[in-house]
Amino acid sequence: MIVDCALYHHGVREVADGSWATALATARTQDRSFMWVGLHDPTKEELDKVAGEFGLHKLAVEDALNAHQRPKLEEYDDSLFVVLKTVRYDEVSQQIELGDVMLFVGDSFVVSVRHGEGRALGDVRKRLEAHEDFLDCGPSAVMYAIADRVVDDYTDIALEVETDIEEVEERVFSPVRTNDASRIYNLKREVIEFRRAVLPLVEPMAKLAAGGVPHVHERMRPFFRDVADHAIRVSEQVQGFDDLLSSVLSANLAQVGVQQNEDMRRISAWVAIAAVPTMIAGVYGMNFDHMPELGWTWSYPAVLVVMAGICLGLYRGFRRTGWL
Amino acid sequence: MIVDCALYHHGVREVADGSWATALATARTQDRSFMWVGLHDPTKEELDKVAGEFGLHKLAVEDALNAHQRPKLEEYDDSLFVVLKTVRYDEVSQQIELGDVMLFVGDSFVVSVRHGEGRALGDVRKRLEAHEDFLDCGPSAVMYAIADRVVDDYTDIALEVETDIEEVEERVFSPVRTNDASRIYNLKREVIEFRRAVLPLVEPMAKLAAGGVPHVHERMRPFFRDVADHAIRVSEQVQGFDDLLSSVLSANLAQVGVQQNEDMRRISAWVAIAAVPTMIAGVYGMNFDHMPELGWTWSYPAVLVVMAGICLGLYRGFRRTGWL
Amino acid sequence: MIVDCALYHHGVREVADGSWATALATARTQDRSFMWVGLHDPTKEELDKVAGEFGLHKLAVEDALNAHQRPKLEEYDDSLFVVLKTVRYDEVSQQIELGDVMLFVGDSFVVSVRHGEGRALGDVRKRLEAHEDFLDCGPSAVMYAIADRVVDDYTDIALEVETDIEEVEERVFSPVRTNDASRIYNLKREVIEFRRAVLPLVEPMAKLAAGGVPHVHERMRPFFRDVADHAIRVSEQVQGFDDLLSSVLSANLAQVGVQQNEDMRRISAWVAIAAVPTMIAGVYGMNFDHMPELGWTWSYPAVLVVMAGICLGLYRGFRRTGWL
Amino acid sequence: MIVDCALYHHGVREVADGSWATALATARTQDRSFMWVGLHDPTKEELDKVAGEFGLHKLAVEDALNAHQRPKLEEYDDSLFVVLKTVRYDEVSQQIELGDVMLFVGDSFVVSVRHGEGRALGDVRKRLEAHEDFLDCGPSAVMYAIADRVVDDYTDIALEVETDIEEVEERVFSPVRTNDASRIYNLKREVIEFRRAVLPLVEPMAKLAAGGVPHVHERMRPFFRDVADHAIRVSEQVQGFDDLLSSVLSANLAQVGVQQNEDMRRISAWVAIAAVPTMIAGVYGMNFDHMPELGWTWSYPAVLVVMAGICLGLYRGFRRTGWL
Amino acid sequence: MIVDCALYHHGVREVADGSWATALATARTQDRSFMWVGLHDPTKEELDKVAGEFGLHKLAVEDALNAHQRPKLEEYDDSLFVVLKTVRYDEVSQQIELGDVMLFVGDSFVVSVRHGEGRALGDVRKRLEAHEDFLDCGPSAVMYAIADRVVDDYTDIALEVETDIEEVEERVFSPVRTNDASRIYNLKREVIEFRRAVLPLVEPMAKLAAGGVPHVHERMRPFFRDVADHAIRVSEQVQGFDDLLSSVLSANLAQVGVQQNEDMRRISAWVAIAAVPTMIAGVYGMNFDHMPELGWTWSYPAVLVVMAGICLGLYRGFRRTGWL
């Protein structure tokens, strides 16, 4: 689906009259002009049509058709092809969802292709159109704006993941007995996926920052360095999450084991306490003819008192050693 | 066994009349011509004959004779030698099986050698023959087509492994009590082997993409970059699998331990409950002469009620603390 | 908040009369002169004003406004932007707290921006002003002095962390039964955060030491090498802490498990000892008519002695095998 | 001990008449000639004599005297010094044994020094002497032949280690209850040692393959690349072994724990079953005067039936929940 | 404390008459002459005096004053500054102790500074003075001799650590029940510290071997390569120790757990055996009026025999399944 399509001249959106071909021809001949076509989940036909107009490379178009690419920057003869992974926190499933944004960047055009349910690029376009001098830097300004938005979303998601990890930490180390293995594992899984979205992005952004990539305006270089820097920061955070989750996983295992063992010890201690009066009662239940105590008047209450006393003594001893 | 052998001129398969020597001579003298010989599990004699015709290096031929090579790209004086690992999911043993495809690539010939039960290259040849302009790029187009097929198979297998891992995850974290250690370990084993097939492939493909390798058509470079990119994606996935499986293995250990401990706790709790009436019965089984309760009419039912009451109380208490 | 602002000429603080603009103009025209402006938690307005005066890049200013940056060194057209992480050990929460110090370094100015509750830079300024020849090297001397102070703080904190780890080690391996999982985990968490502050600092300092960075006085290079060297030392220490804490965590798990098992074994051994007299008493509690022992005079005391003897024997045996 | 010493001319072994000095002088003056001296566990005197004749560097000679070097390639003024680790599977101790082969390679001589009980180099010499054209490439052909043999032995040992690992895997996951921790640990130990022999070899071989090393015949380069490639393959295998063994170690721990817990559960379940009739018997062993059941004729067999019924019911229940 | 100070000319120790200044002036003017000053735990005053004489850089002097530096090589304008970590096995505390040796190396002087209780450098000096041709290579010969001694000590310590690890392995896998967690952990701690001494040394030594460092005699390069090589060997060993100790730690945990579980199983099995006669005795202790067996003459001994038989049967069964 073609979401939006416009011609920009000196950073100002122009009313595009006539067909694409005309608009593109205008963009190509006019100085400081470019077209920006935005697609969302395009069909093969739509993409082929766009590719034909802008002369995009077959391989890049094939990649752009399929979601689930990894972040990359590829230089073709007369355009750049950039893949970014968008992240979104799905409130319902409480999971991170990855989407794709692909960009074809030439001297006089940008084609943005979005896959999946991620955040729409409409407001990026609106914010850009409000900064004419910025947009005047050409297609690479659009590329920067989108990459910046994507990486900003990473930062937000990293914060949410951090909150999740802190929550799970609190549960693991709280005295309340819970087994959070499954939840920790799911977090780990998400973190691994998240890292796969962020880490490969660093290198292309650093390359754009280093300069020497065609179709990139010189003024944009520090901006891409900024994006690269934020991507590195997020990927370091994510690496830290991974380490923490490994530790939490084994800490959880330890805590659960310790708590279960404590329960067992407590139950066993009670059984041990009960075993003593049972033994004494057994002794006085024996049928020997000559057991003088049996005839004494006070021996029964005395035995009961002794039993109770031993049980109490054991109970106190167990409390003292921490077995109860 | 020689599977197929043909002469291509301007991307079109020509009827090869006469001996190989003639065909090869034609390929060598004619512009934009090359021979493609396909072998499957060749004997030493067959391979030696082919090597003699095409002037292949002794070391490469020796490697091509033995399966179980690692992926690599070697430049010899007048040919490239490429080893690729094919993967196949064996339905019967439910295991990944590795095979080998070796390629000798010269200016006017390609020799493909396939080992093991992997997918035949016949349909790669057919699809190539349908794209004349592509095949016209010469031997490196064949090399690309085969490498692309091999890496596409990796993607499929990675998906199957992912499904297997998800299955095993579900079993581990389900309330049903299973011990999946053995299965997880087997998956880990496969993933390690898979990684050994994929990872070393990245570098040679990147080298082919970077250019400067002889016998490779300039137009093929972005295609090899695409293969390299897919190989990296798969190898990142596989790395992620490895991490996940390590976590699943310890999560499984934790879950099994937790479940067994729960069982023990429950059994012990029942034993503890049974110990109380046994103790009380013991007391009233003692043979003291002066135990006034023994003579009372209602003491027996009263004691039974007390026993039942204590047991019920313990049962409820254990339920409340989660011990039962 | 603007903390301090001064003009330095030949390393000597001059009384700055007039506005900043005048002072800055003086610094720019006069040889070996520079301005040093110190800010603490500046508002957007303050920072924008400063940025306007000194011509700082928009992106750097944006970064300087937000705390929680990662350490980095960025070259802009006419200034360097350096981010350092300060560390502080909070006595109350017993945790490491990270702050930020950002520096804008040009040929004739330094702007230092401090975020958070970290140590003030006032005494760095005082110590510098006492070394005129040093301060005469210009803005990069200020940058060195601040980086040196920051890294010195790292060394102190590393020592405190080391003490904490040693304490926790002692607790884990002491015979006193404690479960330190939560404390070890918290230390691990701090160490991961600490590493994130230290590690990325090494590269920028090494770059400053290697030379070729504008606005850096040649004489300062060995000093930055010294800072880089200290940063590497701390980061190696921190890496070692991480390894140690992983080992301590599993050692703690082992110790706790071993101690709990010992408790269980001890309780079970006592239950086993009590089971034997219960069994014997049960035998002589049977109601058979023909049990000749029952009639003998000394059988009751004899049985008691036998019971006591068996219990004592079991007790000794269990002591010998270490079960008690 | 000097094992063998010969002069080769155009790849043919010549009868060496006269002293070493004469032979060496011949080798030095004659084109395409070289001497090969083979030593086994030489004494300091023997080695010093050889070193004097061939002008070997003091440091290399010192290294060659001591076993337990790490694989390396060192260039001295007029000779190369190569250290290779030989591996041998000792049938008696079932362990991998490492030995050393050191080579001094000059333009007109090879000195091979072997330490330990590894495989003799006699058959390498014989096989080389059968390939005159190969031997005609000079001392580097000898170096290749020995390196090739050494790495081939690695491949064999890797296969044996793989078999050992598979055996141990089968034992760990079989229902037979064994604790293989000690065996797995020993395998891990061997693998670590093995890796230390293989890994450092890759770089020198790659260097020899890359060319630019003196005393190495140009034609030998692809051969050294082949050796490097095999060394990489083995070292990847060994790395995989290490990963697998870590997983097997924890899987073994899990299995043993699970099996022991199962035993405990079973024993406890039996104790729980026995506790019920004991309790009931206790009740009817009480001495109350008014227990009407005691007088009924069928109550004894009825109680026995009830006891048996409850035990059977518990047994079946425990079987169903998998506790027995 | 100044330990020794001498002037060397053509490798021969000369009687230094007059002040340092004179001696140094002589060394500076005379060809192939240099001074060697040896310090041990110098005070700030001593070091400042030496620094003043030899023109040492302030930063290097500051580092030399403080122990606990990391190994490094720093080039200053007219001298090298080298830090080496000495290791020593303290017999009393059975721990590795690290010390520092710092060297200032110029064209005509060496200043060696030793911290801590490590081995004195006196015998290095004596051995060097016995090799005039070696000492004639100038200050870098002294630097080599000291580095060589330091790394030789590493090799010795690595052997001691290896012995310690083997001892601990034997204890872990022996049937004797010990918990070596604390000892293994201490070894791990030492190994981490040891690695921190060895690893950073490799790079500076390799740099000295590669050439291009001022103040280093060309003839010394292979000697530094030798030191680098030994340092790499030790650091590989130490890395292997680290891996082994991690495995031993978990193997120890496993062994201890297995042994404790075995104990528990054995105790439980005995309790289970004792439960059966208790149950039977309970049955015949019931007070039913109609229990015909009670009146039979042989039922008491028969029941005893049955009890003994069941116990024996259980005992044998438990032995067979390995529960006892």
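Letters A, B, C, D and E mark the chains as written, and numbering starts fresh at 1 in each.
Operating definition for what follows: a contact is a pair of C-beta atoms (placed from the backbone, for glycine too) under 8 Å apart; a residue touches a chain by one contact, two chains touch by 3 or more.
Predicted, not measured: the structure shown is a model, and the values here were computed from it.
Touching subunit A and subunit E at once are the following chains: C.
With rounding to the nearest 5, the Cα superposition of subunit B on subunit E corresponds to a rotation angle of 145 degrees. Chain centres here are Cα averages; for subunit A and subunit D they lie 41 Å apart.
Remark: subunit D and subunit E have CA centroids separated by 25 Å (rounded to whole angstrom).
Shared interface positions of subunit A, i.e. residues touching 2 or more other chains, are given as 250, 253, 257, 261, 264, 268, 271, 275, 278, 282, 285-287, 291. If you sketch which chains touch which, the chains form one closed loop in which each chain touches exactly two neighbours.
The chains touch one another in a closed ring; read from subunit A in the direction of subunit C, their sequence is A, C, E, D, B. Across the complex, subunit E is touched by residues 57, 59, 63, 69-70, 72, 74, 76, 177, 179, 181-182, 185, 188-189, 192-193, 196, 200, 242, 246, 249-250, 252-253, 256-257, 260-261, 263-264, 267-268, 270-271, 274-275, 277-278, 281-282, 284-287, 291, 293-300, 303-304, 307 of subunit D. Residues 169, 173, 222-223, 225-226, 229, 232-233, 236-237, 240, 243-244, 247-248, 250-251, 253-255, 257-258, 261-262, 264-265, 268-269, 271-272, 275-276, 278-279, 282-283, 285-291, 321-323 of subunit E touch subunit D in their complex.
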